[in-house]
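Listed below are the structures to be examined.
Each of the next two complexes has chain A plus one other chain: chain B in the first, chain C in the second.
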Partner chain A sequence: MTRVLTEAELEEKFQARIDAEEKIEPKDWMPDKYRKNVLRQMSQHAHSEVIGMQPEGNWITRAPTLHRKCILLAKVQDEGGHGLYLYSAAETLGTSREEMNDALHDGRAKYASIFNYPTVTWADMGAIGWLVDGAAIVNQVSLQRTSYGPYSRGMVRICKEESFHQRQGYHIMMVLMRGSDEQKNMAQDALNRFWWPSMMMFGPHDTESAHTAQSMKWKIKRQTNDELRQKFVDQSVKQAEVIGLKIPDPDLKWNEERGHYDFGEIDWEEFKQVVNGNGLCNRQRMAHHIKAQEEGKWVRDAITAYEEKKRQRADQAAA
Partner chain B sequence: MTDNNAKEIIKQYAIRLGDDALVQGHRLSEWCRNGPFLEEDLALTNVALDFIGRARMFYSYAADIDGGDYSEDSYAYQRDCRDFTNLLIHELPGGDFAFTMARQYLMDEYSLMFMERLCDSSDETLAAVAAKSVKESRYHLRRSRDWMLRLGDGTQESHKRLQKALGDLWGYMPEVFELDDLEQGLADQGIAVDSAALKGGWEKAVRATFSEATIDVPADDWSVRGGRQGMHTEYLGHMLSDLQFVQRAYPGQEW
Partner chain C sequence: MSDHMKLYEVFLRSKRGLDHKHVGSLHAEDAQQALEYARDVYTRRSEGVSIWVVNSSDIVASQEDDCESFYDPHDDKPYRHATHYQLPDEVNNM
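Our next item is the complex of A and B:
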């Protein structure tokens, strides 16, 4: 008879699999904390995709050309699709989409705080695509190698679409910077408003991050917040320069020795304020999500009732 | 009739069809992020994209005929209410999900028949747009017809909402099957679709669906018309102020 392994032995074997770059699959044994950690990250990621539909959805009806309207619609639709992949991946850990939504509505689950900032001009569609999707890609490229199999595979699919999103955003900025003074100001203003919140997307410094060390050990995260943030800064500076935009950071400077850009300190007080409900759109975002869910209830009920009737009719016909 | 005159009339017809597609697509696009569940949100957005794509093709054809600086966007962004010639049914606000799907169903039945006929147009460009649209309309109809059954034969509430929506839409349908002189002239030449001739087939299809969905056919006791002549409800102006805001606020720029 085989001996039942102790918790410590199971954890040891689990860590050995992680160290050997094996993917963890839904039915595999995993430490409870690993399950919770991955679930927290995936649900937060899924909610971010879905809540992220709102600030861009805000400009679908006002997109300035039919071509832009189609691109924006397709992009927002993609974000919803990413939400779906991620909810499905998260459901493999035994939590339903409804449960995740409930947790979002009562504040137990979070979404990316950047979506609490408003989109007030057309240029914000450019800034979001370029910077917010740009930051998301840096993070997601890294997550393609995450240790949880369904999450990793979801990221591979998502990354393919995200690069199109970033290009369309950058293109919006490029066209604005070739345009009138008003358009250039609009683009610079959008960059000014979205730069620091984009920098905050990578989360607290490694030394302050509650989850980083354990997540790195389990290879849920493959690179730290600060490493990813640096990568984002390095790629964005050149992109801004090419089209004549100025990144709003007086401390931004090339550091020959490090081979990276140095940059100023993030206003963590602002970060804390917005995460804790004091952003311009926190309440609007949640109210919108809850309203859509409540208004859709009778529709979802109708489907259930119809399917039930259909099943009963089929049963009667078979009897 | 000179060639130029003939082209001008075809252009007006293309703009009408473009207006129908744009206004319908715009209303559908308003659902993005507001759907009853995520999968349906994505599906509605797909349909919206098809219609906006269709509008772009019809408008581009008009712009080719107009020449000069005209582009697809000239028609969408630089005309006021009185210049829009869409059928009225498209401009009504989306309402609840039952209203949106009821409108979609009534018009999908029509659009599929319409586009199948337009494939035979002697105008090659119109026929080509129609060929692409037929495939989309088949998918649209399959979806919206399914929704008629689910909502009609779902819960009491969904049934009530659907029945009310159809009642509120019914009086906008007669206009859909009427031809003015411009369309009649083009239809006689084999360029436009004789939409009056589609009415019988449409009614038959709709009645069959209503019966399966346990829905009563609404009473034929009212009807409103005017879209093709630039007479609109008050809703269109608000839709245009949203649609055209950026171009109106910053005229003459590239975006």
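Our next item is the complex of A and C:
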């Protein structure tokens, strides 16, 4: 005879499965907190993809050549697609897209704080592709091994598509650094403004992070914020050097003993301000997202009306 | 017999973490029976940890003939690929 398992027993089986490196799939039993934790992370990730279209969308009409414009369009289109993959995967946890959207609009759900910085020059498209997508890739490569199956599969697909994003950004920087003094300054200025916000993308220090310990135990996250941030620094230094850019951190220096670069402290006060809604573009980003949704309503209504009409016609034909 | 039974497509997840993959089809009276038949005929050697069955008539498929209008526009967009961007050797692993 089978006995109904207690909550504690279920949780023990669940943890054993995770410890054995097995994935959790949508119909499996999972602790409420696991469901909430994965949903929080996935919806934040999805929102970041979609809100992230705005700072780059700002430059589509002003790209310096038709070729760059095509590239930027393709990249922004990818971000929208990545948002879709992530929302769909998140919906397998039983929360609808509308609920996630509402949570974004009333501030319960967050998105990456980096997208609250303005994009004021063309070089910012270079800095974003190289650094922001670069940081995102470091994170996403690690998340390919996350314990939630649909999230993991989404990450594999996204990583495959994403590598051109970073390379096109770096290519923009490289071309500018071969140009006039003015162009070189523009590239350096973009790096100066985007370096620290990119470093903040990995979130608070492990010791300060509210979710890290539990997320690591459940293998939702596979590497901690600080580990990922270190990886990002280590790879970026060489990349900057090769094209003659200087990373704006006076404390940046190779540590032979650790086998890593040491680096300066992030301005956590700025991080806190931006996360809590007081960045330069927070209000603009949200207002634009809400406006796009409202202005697209007639399209969604038209689709529904057309479907209804088709159904009625089919019914009449059948009668 | 098959006049009375619906056709179902069968998808198997061979291992946790992997996508369900189409393995074939079978006839059954209803979804529950299709699941049981699928277990009997498609997973005799532990091929799967999870089975999906879908009414074949519910599958909407693109046609080979639609290829041009569906996919042609992508052929002139090589910049969607990472290899399109020539970077210095030292950082080419990006």
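Just so we're on the same page, the second predicted complex is superposed on the first by the 319 of 319 C-alpha atoms of A that agree within 3 Å, B and C clash if a C-alpha of one lies under 4 Å from a C-alpha of the other, contacts with A are read in each partner's own complex, and residues count from 1 in each chain.
Quick note on the criterion: contacts are C-beta pairs under 8 Å (C-beta built on N, C-alpha and C of every residue); 3 or more make two chains touch, one makes a residue touch a chain.
What you see is a predicted model, and the numbers here were worked out from it, not measured in a lab.
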| request: Could you check whether chain B and chain C clash or fit when both are placed on chain A? | output: fit
| Which holds for A:Lys238: it touches chain B only (first), chain C only (second), both, or neither? | second
| query | So, A:Ser163: does it touch chain B (first), chain C (second), both, or neither? | reply | second
| said: I'd like to know which partner A:Thr61 touches here: chain B for first, chain C for second, both or neither. | reply: first
| request: Could you tell me if A:Leu84 is touching chain B, chain C, both of them or neither one (first, second, both, neither)? | output: first
| If you stack the two complexes on chain A, which partner ends up touching A:Cys70: first (chain B), second (chain C), both, or neither? | both
| task | Compare chain B and chain C by how many residues of chain A each one touches, and report the one with more. | result | B
| Can you give the closest approach of chain B to chain C, taken over C-alpha atoms and in whole Å, for the superposition? | 5
| task | Check chain A for residues that touch chain B in one structure and chain C in the other, and list them. | result | 67, 70, 74
| request: Spell out the part of chain A that touches chain C in their complex, as residue ranges. | output: 22-25, 67, 70-71, 74, 78, 134, 149, 152-153, 163-164, 166-168, 170-171, 174, 238-239, 242-243
| request: Going by the contact rule at the top, pick out the chain A residues touching chain B in the complex. | output: 50, 53-54, 57, 60-70, 73-74, 76-77, 80-81, 83-84, 87, 122, 172, 175-176, 178-180, 182-183, 288, 292, 295-303, 305-306, 309
| said: Touching residues of chain C toward chain A in the complex: what are they? | reply: 13, 16-19, 50, 77, 79-82, 84-88, 90-91, 94
| chain B to chain A touching residues, read off their complex | 22, 26, 29-30, 32-42, 45-46, 48-49, 52-53, 55-56, 59, 72-73, 76-77, 96-97, 149-151, 153-155, 157-158, 161, 242-243, 245-247, 250, 253-255
